[in-house]
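Next up: some structures, all given as C-alpha cells.
Both of the next two complexes hold chain A, though its partner changes from chain B to chain C.
Right, the complex of A and B next:
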C-alpha cells in the first residue's frame, strides 16, 4: 500500500516538475530578487513592510493558482487520456489513487513554496542588508500558507473527482474567495436574524476559513503569532482537508468511468 | 516491371533496420514464471449487463451489454470479436473494475474479479494507449511495476529485458511524447506484462498499426501464448483472430452471438465443395445443382453444396465425365462473423 501511494505521489510530483510549471515560479523568484533594491527607492522606511506583504501575498496567490491549475486536471486528465485504466487494472485501490494525487500535488506546492521563500529571504537581505531573529517569525506566515494549500488542494481534488476541469477551477476559486471572507460571513450571520442568518451561519462555518490562516499583515508589522493559534490552525487545516479528501474518495469510489 | 522491382528493393531497404531491431529484440530472454494452471477457467463471466444513463436528465437507459455469459479456459488465447460499439471495451472495463456492472458477476483465476489480489495477476493493454508522455519508457515501466507490487530487487533488469524483447532496447531516456504509434503500442504491451501476469487483456492490440507493427505485436502475443499465458483480446481485425486464437466469441449490439473453436467455426460456416472434372458436355445435366461454375476448354470447376455432392458425382458418372478432384471448401472467420453480426439476433448461439 505504502509503495503504491509513494509511487503515485512521486509520479504526480514528477509530472508537475516536467510540466514546466516550476519554471514560471523560478522566474517569479528571480524577478522578486532583482526588483528588491527598487523597494528601498520607492518606499522609504517601510520598504521591509512593503516587501513582506507583497512577497508573502504573491507566494500565497501563486500557490493557490498552481493548486487549482494542476489540481483540476489531476483526475479528469487521467480519465480523458485513459491512463487511469492502466492504473485501476492493477492492484491499486481508488482511494490510494486519490490520496497519491493529493500528496503529489501537495509535495509540488511545498517545494515551490520553499523555493519562493528562499527567494523572498534573499530579497529581504538585499533590501534590509541584514536578517534579524524577528525575520524568522515570517516563517509562521509561510507555514499558514502551506496550511491553506492543504485545504485548497483537497477542495480542488474534490471537484476534480466529479466535474470537468473548467467547472472544477471555477468552483475551487470561488470557494477560495468566499473562504478568504469567512470571518466577514460569520459577522454578517451574527447580525442577521431569521432563516437568512441561520443560512449565513451554516455557510460561514462550512466554507474553509482562509481568513484565520492569513497572518501576513500581522507578521509584517512584527506582531507575534500565538502558539495556540498555530496549534488550532494546524488542527483545523488537517481536519478540514481530511474531510474534503474523504468526500473526494467517496465520490470517486462510486464513479463509473466511461 | 523495373520500377516495381526498384520500389520493392527500396521498401526492403527501409525496413531493414526495423527488422534487425526486432530480430535483436527477439533474442533477448524475458523470464516468465512457469505456470501451473490451478483452475480450469481463467475467466468466468455470468450475466454481465451494463446500462448507461443518457440524456440531459440521465433518466434514459442505454444498454451497452446484455446478460453476457462467457468462459475462457486457462492457457487459451481467446478472441473477442465484434464491430465498433459492439460492447467489447465495455466488457473489458467491467472485468477490470474501471466501470461497474448493472448486473452480473465474474471470476478471474477462480476469484471475484474485484479482488485486488487478482489484479496483481492480470495485465491490460487499452485500445490506442496513451501513456504519461513526460516519462521515458524505463521510467513508465518502473512506475507500473511498482504499482503492481514487483519487488525492487531485479526490477531494473526485468525492465531492460522487456524493452529489449519489444524492440525498444535502444530508446533509453527518450520521452514517450517523441514515440511513434507503433513504439507506444510496444510500450503498452511491455507495461501489460511487466509484472509477469497470468491473464492478459488486450483491447484492439493491432489497431492503427502498419503491417510490420502488426506482425511484431502478433509475434509478441504468440510468445506469450507459448509461455502459457491466458490471453483475452478484443479485435475487429479477423485475420489476427484467425491466426492467433484458439477460440473466439462474436459480440454485436451488446449481445453474445456466437462462441467456439476457430477451426470448427470456419468449417461449419460454409459447407461447400469444389468439384473439378473433364467433360464440359456434362454441365447441362447438372442444371439446378451447380450454382457456380467456370469452364476452361473441356475442364469444369464448379462449387456445389455438400448436400448435392452424391447426386452430382452420380450424374458425372452417368455422363462419363472424368473426375479430377473433390475439395471441401472451408468458410472463413469473416463469413462466420458476418453471419453472426448481420442477423437480428434471433440466431444467437
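Right, the complex of A and C next:
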C-alpha cells in the first residue's frame, strides 16, 4: 500500500514539475529581488515591513493559485487521457489514488514554498544587510501558509472528484475567499438570533477558517505567535483537511467511471 | 464500488469534521486573547481599501459596517472604557460607501454616547454626521442626528437649533423638525425636549443596541419628569399642612394623589423623610443623575 501511495505521490509531483509549475519561482524572485531596492527609495523605515508583507502574501497567493489550478485537473485529466483506467486496472484502490494525488500536490506546494522562502530570506538579507533572531519568527507565518495549503489542496481535490476543472477552480477559489471571512461569518452568527443565526453558525463552521491561519501582519510587526495557537491551528488544519479528503474519497469511491 | 472503503470514508469524514470544529473553537478562544493585536493591525485608510476593492466597495463597506457594529457590541458588553477603533472603522465604512446612511446615523450615536454606553466622543460623532451631510445633502434625518448630538451630548443648543432648522428646509423633511428648531430656540435644555428627542430615536431605529440605550434614557427621563411633579405635590402638601408627608398615603388622603405613585418599571417611588423623592432601584435608571442637569 505504502509503495503504491508513494508511486502516485511522486508521479503527481513529477507531472506538476513537467507542467513548469516552478516557473512561478522565477517570477517571484524577480518580483522580490528587483523590487527590494525600490522599497528603500519609496518608503521610510518600512522597507523590511513592505518586503515581509509582499513576500509572505505572494507565497500564500502563488501557492493557493497553484493548488487550485493543478488540483482541479488532477482527477479529470486522468479520466480525459484515459490513464485512470490503466491505473485502476492495476491493484490500486480508488482511495489510494485520491490520497496519492493529495500528497503529490502537497509535496509540490511544500517544495515550491521552501524555494520561495529561500528567495524571500535572500531578498531580506539584501534589504536589511543582516538577519536577526526576529526574522526566524517569520517562519511561523510560512508554516501557517503550508497549513492553508493542506486545506486548499483537500478542497480542490474534493471538487475535482465530481466536477469539471473550470467549475472546480471557481468553487475552490470562492470557498477560499469565503474562508478568509469565516470569522466575520461566525461573529455575524453570534449576533443574529433565530434560524438565520443557526444557519450562519453552521456555515461558519462548515467553511474552512483561513483567517486564523494568516499571521502575516502579526509577524511583520514582530508580534509573537503563541505555541498553543500553533498547536491548535495545526490540529485544526490536519482534521479539517483529512475530513475533506475523506469526503473526496467517498465521492470518488461511488463515482461511476464507465 | 468498494462498500467498506465508502463506509470508512463516511465515518472518517464526519468524525474528523466534528474534531475540526472542536479544534477551531480552541483556536478562536486562543485568538480572543491575542485579539488586541488586531486593533493595531487594521488598515487605516478607507480610500486605499476602496481602490483595492476593485469596484466592489459596496460589499466591503457592508463588511466594515458589520465589523464596526460587532466591535462596538463586544466592547460595550465588556464595559470597556476605550473604543479606539470605532471612529476609524466608521470612517473606513463611509469612505467605502458614502451613501450608507445607517453608518452615519447609528454610528454617530455609538460614538457620542457617554462611556460605557458609548465611546464618549461627541466631537468625532459630529465630524462623522457632517461628512454624511456633505455626501448626502438631501437626507434630512442626518440633520436630525446632528441636532440630537449637539443638543444632548455637546449641550450646544445654538448649533442644535441650526441643525434642526437646516434639516427642516430639506425637501420632504418631517414637519416636526421645524417644531424642534423652535423648541431649541425657546426652551433650550429641558427634560421634556430631551424625552421627545429620545422617543424619536427609539421609534426611528431598528438597531437593538441603540433602541436599548434609547429606552434606558426614556425610562430615566420619564422618571425625572414624574419625580419633578411629585416634588411639586409634596411642596403643596407642606404648604397646606405645615409638615412634610411621612408616607404617600398622606398625599392620597389630602386629595393630592390618587394612589401610591409608581415609576416606569412598576415599582413604587420612595419618599424620604426629608420630602425628597427617589426610585426603588437606581440601577434601572442609569441616566437619572445626568437628568438633574436638565431644567
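FYI, the second predicted complex is superposed on the first by the 257 of 258 C-alpha atoms of A that agree within 3 Å, B and C clash if a C-alpha of one lies under 4 Å from a C-alpha of the other, contacts with A are read in each partner's own complex, and residues count from 1 in each chain.
What we mean here is this: contacts are C-beta pairs under 8 Å (C-beta built on N, C-alpha and C of every residue); 3 or more make two chains touch, one makes a residue touch a chain.
Predicted, not measured: the structure shown is a model, and the values here were computed from it.
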item: First (chain B), second (chain C), both or neither touched by A:257; value: first
item: Contacts of A:3 with chain B and chain C, given as first, second, both or neither; value: first
item: Touching partner for A:93 - first (chain B), second (chain C), both, neither; value: both
item: Chain B versus chain C as contact partner of A:235, first or second or both or neither; value: second
item: Partner chain(s) touched by A:181 [first = chain B, second = chain C, both, neither]; value: second
item: Partner chain(s) touched by A:38 [first = chain B, second = chain C, both, neither]; value: neither
item: First (chain B), second (chain C), both or neither touched by A:15; value: first
item: First, second, both or neither for A:82, with chain B first and chain C second; value: first
item: Touched chain A residues, chain B compared with chain C; value: C
item: Those residues of chain A which chain B touches in one complex and chain C touches in the other; value: 93
item: Residue ranges of chain A in contact with chain C within the complex; value: 93-95, 181, 183-184, 186-188, 191, 205, 209, 212, 217-218, 221, 223, 226, 228-229, 232-233, 235-236, 239-240, 242-244, 246-247, 249-250, 253-254
item: Chain A - residues contacting chain B, complex; value: 3-4, 6-8, 11, 14-15, 18-19, 81-93, 256-258
item: Footprint of chain A on chain C - complex, ascending; value: 1-2, 5-6, 9-10, 12-17, 19-21, 23-24, 26-28, 30-31, 34, 37, 40-41, 63, 66-67, 69-70, 73
item: Complex contacts: residues of chain B adjacent to chain A; value: 52, 93, 96-100, 116-117, 119-120, 122-124, 126, 129-132, 134-135, 143-144, 146-149, 191, 195, 201
